[in-house]
Structures are given as C-alpha cells and as structure tokens.
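Paired with chain B in one complex and with chain C in the other, chain A is shared by the two complexes that follow.
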Partner chain A sequence: MNELMAARSLTTLPVVTLGGDAVAQIKDTVFDAAAGRVTGFTLSGRGLLSGPLKQSLPWTAVHSLGHDAVMIRDALALRETSVVVARREAQQGRVLHAKVLTDEGTEVGTVLDVIVEGGTSGRVVGFRIAAGKALVQGSRRRRHRVYVPRGETLAVSGRALVIPADATRYVADDLPAFVARVGAFHDERKGTPP
Partner chain B sequence: MLFSQARGLPVLTLTEAEEIGVLRSLTVDAASGVVTHVRVRGRHSRKETVLPWGALHALGPDAVLVRSAAAPAEVPAHHELPGLRILAETGYELGTVKDVAFEPETGRVEAVVSAHGEVPADRLLGLGDYALVVRAG
Partner chain C sequence: MAWWIWLVMVVAALVAVTVVTLAVQAGRRSGTVIAVRRRPGGKGMR
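Right after this comes the complex of A and B.
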C-alpha cells in the first residue's frame, strides 16, 4: 500500500511538472460527494505574497501524489477552478467537522481530517477524528485524536457520516499504526461472507 | 569526468590559444541526457559566454579547447544541476544533486550523483527550476 497522508498536510505541497518546474502549490483538497476519493486540488501561487490561483488541478491530471510533491505531466493540465470544484464549499463543509456515527447508531466523534492514499489512486482510506466517549474511555479533558478506517460503503449526509461498527475496532493513534490497521481491516472484510 | 572536475578549467581557442575565460557550468538536457552548452566566464570581464557543445574541440583534464567563441543563436534556459533537489516521478524527494558524471568526448551524461547514490542517466525525465525529475527505480 502507498503512503497515507492527511489531506490538511497537503496544503503548501508544491505542484511540479515532470519537466521539473514548480507551477503552483496546493491550497485545498477537494473530495467527491461520497468522500470516497480526491477529485482535485485548488491551488495558490508559490511564494510568500502570491494569492490563490484562478486555475485548479483535476485529479485526472495528477501523475502521482507523493510525500514531497504532487507530480503532473505539464502545466497544461490545470483547469478553470469552476470545472474542478463545482460544489467545493458544500463538500468541504460536509466532511470536516461532520459527526461520525457507526451503523449501529453510536456516535464516535467528529471529523478533523481526511486520510488519503498517495500514488495514483486518490482513495480516501479513513478519517482523523476527535474521539467521543463511546470510542475512547477516559476524561473529557484528555481529548483523544484517533484514526478510523472508512468502510467500503460509507454514507455521508449534510452533517454526519456513517461507518461500519467493526471499523471502530481498527482505530489507531498515529498514521504509521493506522497503515497496518487499514490493511487488517480490509483483509477481514474480504474474509467475511456478505 | 565529473562536473566538479570540469568546473574552473581554462577555456582557450584552438587556433589562437587565447584564453577566453574559465568554465563555470554545463547545461544539460535531461530528456536526451547530454550536455548541450557550456558556460564560460571571463577572467577579467566577468562576462558569461554560452558556447554550444559542438563548438568544443576537446575537454581535457587541464583545459578546454574551443573551435570558435561565437555565441549560439538560441540559448536554452540554464538550470544549475549541482545543489538541485531530485524528485522521483512518484513525488518523493531523493536528496540533492552532488555531482554529475559525463563523458568528456561526447557530452553524454552517465549518472547523477546524490547523497543516496547514483542515478543512471536513462532515468532522467525532466530538469526544471524546481527539481530534477527522475523515473522511480
């Protein structure tokens, strides 16, 4: 499996052509309506004083998403922002800060960040959430931030998203541990008959 | 030969043995993997002259001999390789360029030397102002 990355950490990542030129940097990550995959990125100019760019980067033009850069074939891959992010504001608002419920009806927390897979897939593999009492026991003052894998089928509405109850058994405290848990979670799901 | 060895060599014309300056840097075309131009800086004037690789008669261990010191009509953008970051096409950094090994007879680039080892020339994809992009090996 490719390296996992938190969507928020992608901000300021340079967008580099295969010709070696940095053409922009990432401003925001845009997801599809079901929060299943990355559909593109909004961009800002590189440098201290440059603001947001009029153009955005559709995922189809991404050569590879890496730890140090987003690689694109050439600068012609950039598109008008309206094409890439038709309903961006709505979707951003929908995923971040949304309540996370299990399909058994337990509230487990709220979404802080979206975890995506690097490379060429752009898949959303899980979420970083502020864990509620149901998920992590202990005092409220010790607010726990954990990673939960996303289920194959995930329901996202205006204010909540629903994950399978067994996903909550695969929470992890940090990204490296989460990589192993996601693998285990998917292995088990494949093993169980539908 | 390494870029670091070529740098600083005196550049002389073949017919008059007149020194036009010292070799400052070499311009590489990453896609074809060859040195296309050499940059020469005058010892006194500090003026930089660009010479196409074809104008070179010989690049020896102690001096560079050129047939003509005429500047080419078109000068491509120069990206200084030593010190430039190396990016794999997957978006991961592989350190910075320490040196470049090339054939002094033909100008063919053999390998790019980084702190993590050598990148053979056939893995070079592109060279720009931000990075040298290489095929994942």
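Right after this comes the complex of A and C.
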C-alpha cells in the first residue's frame, strides 16, 4: 500500500508538471463515492491574490500524488472544472462534518477527513471521524478522533456517510495503526461469503 | 486637522482593505472534500 494522506492536507499542494513548472495548487479534492476513488481536484492559482481557477485536474491526468506535490505530465492535462465536478455537486457533496451512520442505523460520529492512498492509486481507504459515544467510550471534554476503514457498500453525501457496522470494529487512533486495520478489514471481508 | 491625522487615517484604511482582501482570498482558496457519483465510463472515470 502506498503512503496514506488526509484529503484536507492536499489543499494548497502545488500541481507540478514533469517539466518542473508549478502551474496551480490544489483546492478541493473530489472523489467518486461509489467507486471509492479520487476523480480529480479543483484548483486555485499560485499567486497570493489569485483565486479559484476555471480549470480543474481530472485524476486521469495525474502522474503521481505525492506528499509534497501532485505531479502531472504537462499543463495541457488541465480541463474545465465541470469535467471534475459540477457546481451543484460541489454544493451538495461536501462530506466534511457530515454525520457518520452505520448500516444498522447507529450514529457513530462526524466526518473530519477522508484518507486517500497516494501514488497512482487515488483509492479512498477510510475516514477520520470525530467519534461519538456509540463508537468510543471517551472523555466528555475531548471528542475522540479515530480512523475507520471505508466499506465496500459505502453511501456518502453532504448529509451522511454510511459505513458497514463491522467497519467500526476496525477503528484506529493513528495512521500507522490504521494501515494494519484496513488490511485486516479487507482480509475478513474477502473471507466472508456473500 | 493636523497632517498626521490624515496620514493615520490613510494608513488605517490601507490596512483595513488589505486585511479584508486577504481574508476573502483565504476563503476562496480554502478547500474541502466533495463526494460525487459517477456512472461507469462517465466523466472522471479512468
């Protein structure tokens, strides 16, 4: 598995061509909820006073998603923003702060971040959530923040994220532990008869 | 009014405009995570 990254940490990453030119920086991360993959990024300009760009970066044009930059072949790879996300989708699909529900109907927290796999994969492997009491028995003063793996039957919108109830058995407190839990989660689901 | 009062007012106005401009730009540039649904073979699919 490639390095895991929080989608919010991708914001402001430079978009760099293989020729070495920084042509933009990441604004929003867009992912396909059903396929569980990043489909692209909206962009903003590199200058201090520059705002959002009319162009976006589809995932098909990404050479590699790294810790410090998103590499693309050349600036011709950029497309109209509507290719990556329509304006209506952008307004309705914001997942941060959405409720997290299990498929059994239990609310287990709210979404803080989306965890994606870097490199050429772009897979969405899980979520960082502010866990409710139903998930973690913790201090009342400080909300417990945990990672949960993405289920295969995921449903997600700007209002709620639905995960399999058994995914809540694989929560982890930090990213290194989460990598191991994701592996165990998928191993168990592969072994489960449909 | 004394000349230095005008100077203070101009500097204060410039600072205010700069702060508002930077705040607006920060808001426009701040990112989020968006979930969409794509049909197989549709836009954005590899």
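Everything that follows uses one rule, which is that the second predicted complex is superposed on the first by the 180 of 194 C-alpha atoms of A that agree within 3 Å, B and C clash if a C-alpha of one lies under 4 Å from a C-alpha of the other, contacts with A are read in each partner's own complex, and residues count from 1 in each chain.
Convention: a residue touches a chain if its C-beta (ideal position, glycine included) is under 8 Å from a C-beta of that chain, and two chains touch if they have at least 3 such contacts.
These numbers were taken from a predicted model, which means no experiment stands behind them.
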First (chain B), second (chain C), both or neither touched by A:Pro52: second
First, second, both or neither for A:Ala165, with chain B first and chain C second: neither
Contacts of A:Ala7 with chain B and chain C, given as first, second, both or neither: second
Contacts of A:Thr29 with chain B and chain C, given as first, second, both or neither: second
Chain B versus chain C as contact partner of A:Ser44, first or second or both or neither: second
Dominant contact partner of chain A by residue count, chain C or chain B: C
Touched partner set for A:Ala77, first chain B, second chain C, both or neither: neither
Touching partner for A:Leu65 - first (chain B), second (chain C), both, neither: first
Chain A-touching residues of chain B, taken from the complex the two chains share: 30, 79, 87-93, 125-133
Chain C - residues contacting chain A, complex: 21, 25, 28-38, 43-46
Chain A to chain C touching residues, read off their complex: 7-8, 10-12, 26-35, 39-40, 42, 44, 48-52, 58-60, 83-85, 89-90, 93-96, 113-114, 156-158
Residues on chain A engaged by chain B in the complex (per definition of touch): 14, 16-22, 63-71, 118-119
